[in-house]
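In the two complexes below, subunit A is the common chain; its partner is subunit B in one and subunit C in the other.
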Partner chain A sequence: MDKDFAARRRRDLIIAAVLAAIAALTPLFVKDVVVQNILILTLMYAGLSQSWNILSGYCGQISLGHALYFGLGAYTTELLFTKFGVLPWFGMLAGGAVSALIAMGLGYPFFRLRGHYFVIATIVIAEIGLLLFHNWEWAGAAMGITIPIRGDSWLKFQFLRTKLPYFYFALALCCLAWFVTWWLENSKWGFWWRAVKDNPEAAESLGVDVFNSKMGAAAVSAFLVAVGGSFYAQFVSYIDPESVMGFQFSLLMALPAVLGGIGTLWGPVLGAAILIPLTELTRFKFGGSGRGVDLIVYGTLIVLISLALPRGLLSLFSRPKKTGAAR
Partner chain B sequence: MTALLETRGVWQRFGGLVANSDVSISVGRGEIVGLIGPNGAGKSTLFNLIAGVLPPTQGSIIFDGEDVTNLPAAARCQRGVGRTFQVVKSFETMTVIDNVIVGALVRNTVMREARRKAHEVLEFTGLAARADVLASDLVPAEKRRLEVARALATEPKLLLLDEVLTGLTPTEAQTGVALVRKVRDAGITVLMVEHVMEIVMPLVDRAIVLDLGKVLVEGKPADVVRDPKVIKAYLGDRHAVGA
Partner chain C sequence: MGLLYGLIAVGLALIFGLMDVTNFAHGEFLMIAMYLSFFLFAFFAIDPLLSAPLVAAALFVFGAVIYLLLVRFAMRAKANAGMVQIFTTFGLAIVMRGLAQYFFTPDYRSIPQSWLGGKTISIAGIFLPEPQLVGALVSILAFVGLYFFIHRTDFGRAIEATREDPGAVALVGIDKNRVFAFGWGLGAALVGLAGAIMAVFFYIYPDVGASFALIAYVTVALGGFGSVFGAFAGGIIVGLVEAVTALVLPPSLKSVGIYAVYLLVVFIRPRGLFGSI
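Presenting the complex of A and B:
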């Protein structure tokens, strides 16, 4: 039985490596900039959703306010860069650290809330963050921050003539988030998180530190999402409150995981691979007037999934082993 | 030798309701003690106080020579108090083995060791064949057993069993009784709340009867069942006169 388990873990790792290798080779065949753009966003959202899944899927604390951490990552990086000349690479880490700290600071009061009340709190907090940035003159307020572009540079992580570096960074982020999940899944934290999600009272009776489990999940999740936000800011080279902290980001992190299979290792990647191209294509097809059509498309998708396959698309592939009653 | 568990003058009030009043009991090492009493006697409340779900309004709880009155449940688990729940609380989306690993992680920080311990406990409790089944797919009797397995994986000194034998078929209950004996033989002290007198009485070394939040009688099971006060508490005055 232990051997089965170890083999399954190894198989997951090999599949991931193969998929990553295939993804890494796609730019050789895909030269179209629009398609490259879609691939970059897909990888980014896969990574973001994977990170969201740590807190909301594994630990069961559903957050619809992760846009806050995404925005904080973007803003920390760009404020440090434009105001103090700190390179984005360091800004990224700083953004991650700021987000992780704020996630824990917010967790301190809000992890006492359960279920829907917690979800509502996350939405409200993210909206407050959005309003604060709207009115914060020093941070550009509603005007936002334009990142000065001085040509291609790895040091400043900005590129005009090619999208490939962004592509590989997004791929690396996705791989990192996946690997962190894979690694934590079979750790004390992973087991604690799932226990907390399923039954906090029972978890407590088994020595699980419920509160700190949630804090840990929040910190890891927020850190990775903030790195994604930093990346996105560099990628689009202009940020304002709506474009990095808007509610749609919270949704776009949650939906792939829900679609693919919440609280699973592969769910977010699978969900993002379907959802993001679909979103981008509909948006592309309908142009500016189509803002909203994409929402209708995946709103419908989510309704269908939750009716037919409440545990996500992944449940089609791996039905848990069912044996009849014992004896 | 000092007792493993002692409650000293424990009170628990919920608003105007007194669930436990001045309860002082002690459980010796290696004993199987039954906590019985009619509905509403305060058994479950006392149980939760011992497990650390909530602190008592008044009084203190001593476990293994240490005052644990104000320690939360998780800290008591680390000190060696394991428990099951009357209404089973399995981790439904996790497999049986994963459920037990959560418990095993209290004393095993290395995953491989926690997993090995969990397999050992499943073997001990007769659930080994069901290791890879989701907890939600277990039949009720197995879920009860999983509760015990999970608690055992924490390697407790004291195991609190909350009505694990209630609602089982006679055969299932007999297997349950055998398991409790096996647990005690492994050196673990057992305190069990039970409703079904005829099953629990032959099993326990000592019975404590609670009624209306107070300790009514305490002693050997055979004496306890004949005690007029106990009969009165369960059946009413009319029957007590004849006894």
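Presenting the complex of A and C:
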């Protein structure tokens, strides 16, 4: 069993490296800006979903309020940049730190809650954040922040003529989130999380620090999502409360993981690789009419996949033995 | 007007609270009801107040059909049933919004003239808008009715028993699907009633449901899952808190008060005010 597990982990790492290398080469062949855009978003959502999966998938604390951390990352970066001239690279780390701290601060009261009460609390806290930013004059209120154009530079992480740097950053973020998950999966934390998810009382009685393992998961998850938020802000160069903190982001982060396979290493990547291009293509193809056909197609897809594969798409590939090791 | 939230929340209390099924399309049920009410008025000049029973009946059928076609299968999922329910109903909500946009266009509509619209009534010197007053009355009636239904009739007890232990109910000859389909129908009918009354004084557009749905979830959870009375109390509290917040903070922040109260309540009582599950 142990040997199998180690072999599987090595294999996962090799597959990831190969996939990352292939992804890194795609811009050589794909010159179309629309397609590049879709690839960037796919990688970004894969990374976000992977981060969400740490808290909600592995640790079992379903959060539908991660838009809060996404928005905090975006806002911290851009407020620091536009008001104090702090470079986005530092802003990114600051945003991550702020989000991780807030996640832990919220964790104190939140992790006492169970089931629906917890999920609704996470939705509600993100909604409060959204409303506060809506009314915060200094942060641009409902108008949001337009990021001043200063020309292409790595220093300011801003590029007008090419999307390639964004592509590579999104790829790096996705790889980072994947690697963190891969690494944590086999650490003490990873085992604690799965124990907490399956049966918190039993875990507690065996000496697992349930509360702190939830806190750890929340902090890591929030940090990575906030970095994603910073990236998104630089990428679209305009943010307002709805566009970075809206409820739909919380769901969009959760969807790839759920469709791909919640609480699994590959689920979020697989889910994002299928879902995001589909979303963007339906929007591209049917969205122009303004008559909601894209919504109908998209919604139907979600319903069908959730009903047909409750364990996610990944369950198509795995044999029972492997899921046993993965869960 | 907290009773209004109460009215939307009753239907949800039945589905979400009593049957423990997550329904993220509740707001869209409301939207459909409002459109039905609008079209009955626009084409047949039936006043929303008169058409309310018709709308409720239509929604009953709709809710039951949705249960039988979709939710039944979502509940059958063995692995992470919660997420399957969330995303099945969320997908349904998106489809319904898309369909509404397709057939009804995203335009804002309203019912300009109705028996109640825009009229006020004066009670002891306080002016109250009539539609809201009727809404409040209907919601109280709906709550009392539901309360007796759940606690005094066999069918109400069957719903609760089915949630508790589907296997045991099957042994005594209760068909789980029939009970839950009826429950969904009833929940949808109640939100249909709410929609019919709200159509009088709210704009009707494809996304209208979303803004009310979240408040309805909070209302149900505030009162506590598994308690009809809790949802009713939750509705009144939410209405009062909103009114008070609107006095102190700018109107755009009025929901913050509601959310803050919810968090406060569940931190002190993790199962809501009157929750049993």
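In this section, the second predicted complex is superposed on the first by the 309 of 327 C-alpha atoms of A that agree within 3 Å, B and C clash if a C-alpha of one lies under 4 Å from a C-alpha of the other, contacts with A are read in each partner's own complex, and residues count from 1 in each chain.
Note that in this section a contact is a pair of C-beta atoms (placed from the backbone, for glycine too) under 8 Å apart; a residue touches a chain by one contact, two chains touch by 3 or more.
Only a predicted model underlies this, so the values are computations on that prediction, with no experimental measurement involved.
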Which partner, subunit B or subunit C, touches more subunit A residues: C
Partner chain(s) touched by A:Ile262 [first = subunit B, second = subunit C, both, neither]: second
Subunit B versus subunit C as contact partner of A:Lys3, first or second or both or neither: neither
First, second, both or neither for A:Trp192, with subunit B first and subunit C second: first
Which superposed partner A:His134 touches (first subunit B, second subunit C, both, neither): second
Touched partner set for A:Ala203, first subunit B, second subunit C, both or neither: first
Which of subunit B and subunit C A:Ile296 touches, first, second, both or neither: second
First, second, both or neither for A:Ile125, with subunit B first and subunit C second: second
Interface residues of subunit A shared between complexes with subunit B and subunit C: none
In the complex with subunit C, residue positions of subunit A that touch it: 62, 64, 109, 112-117, 120-121, 123-125, 127-128, 131-132, 134-135, 247, 251, 254-255, 258-259, 262, 290-304, 306-307, 310-311
Residue ranges of subunit B touching subunit A (in the complex, touch as defined): 51, 53, 72-74, 77-78, 82-83, 85, 89-95, 97-98, 101-103, 105-106, 109, 111-112, 114-116, 119, 127, 129-134, 137, 139, 142, 150-151, 153-154
Subunit A-facing residues of subunit C, complex: 16, 22, 70, 73-74, 77-84, 86-88, 90-102, 105-106, 206, 214, 217-218, 221, 225, 250, 252-253, 255-256, 259-260, 262-263, 266-267, 270-272
Residue ranges of subunit A in contact with subunit B within the complex: 1-2, 4-5, 186-188, 191-192, 194-195, 197-199, 201-210, 263, 320-323, 325-326
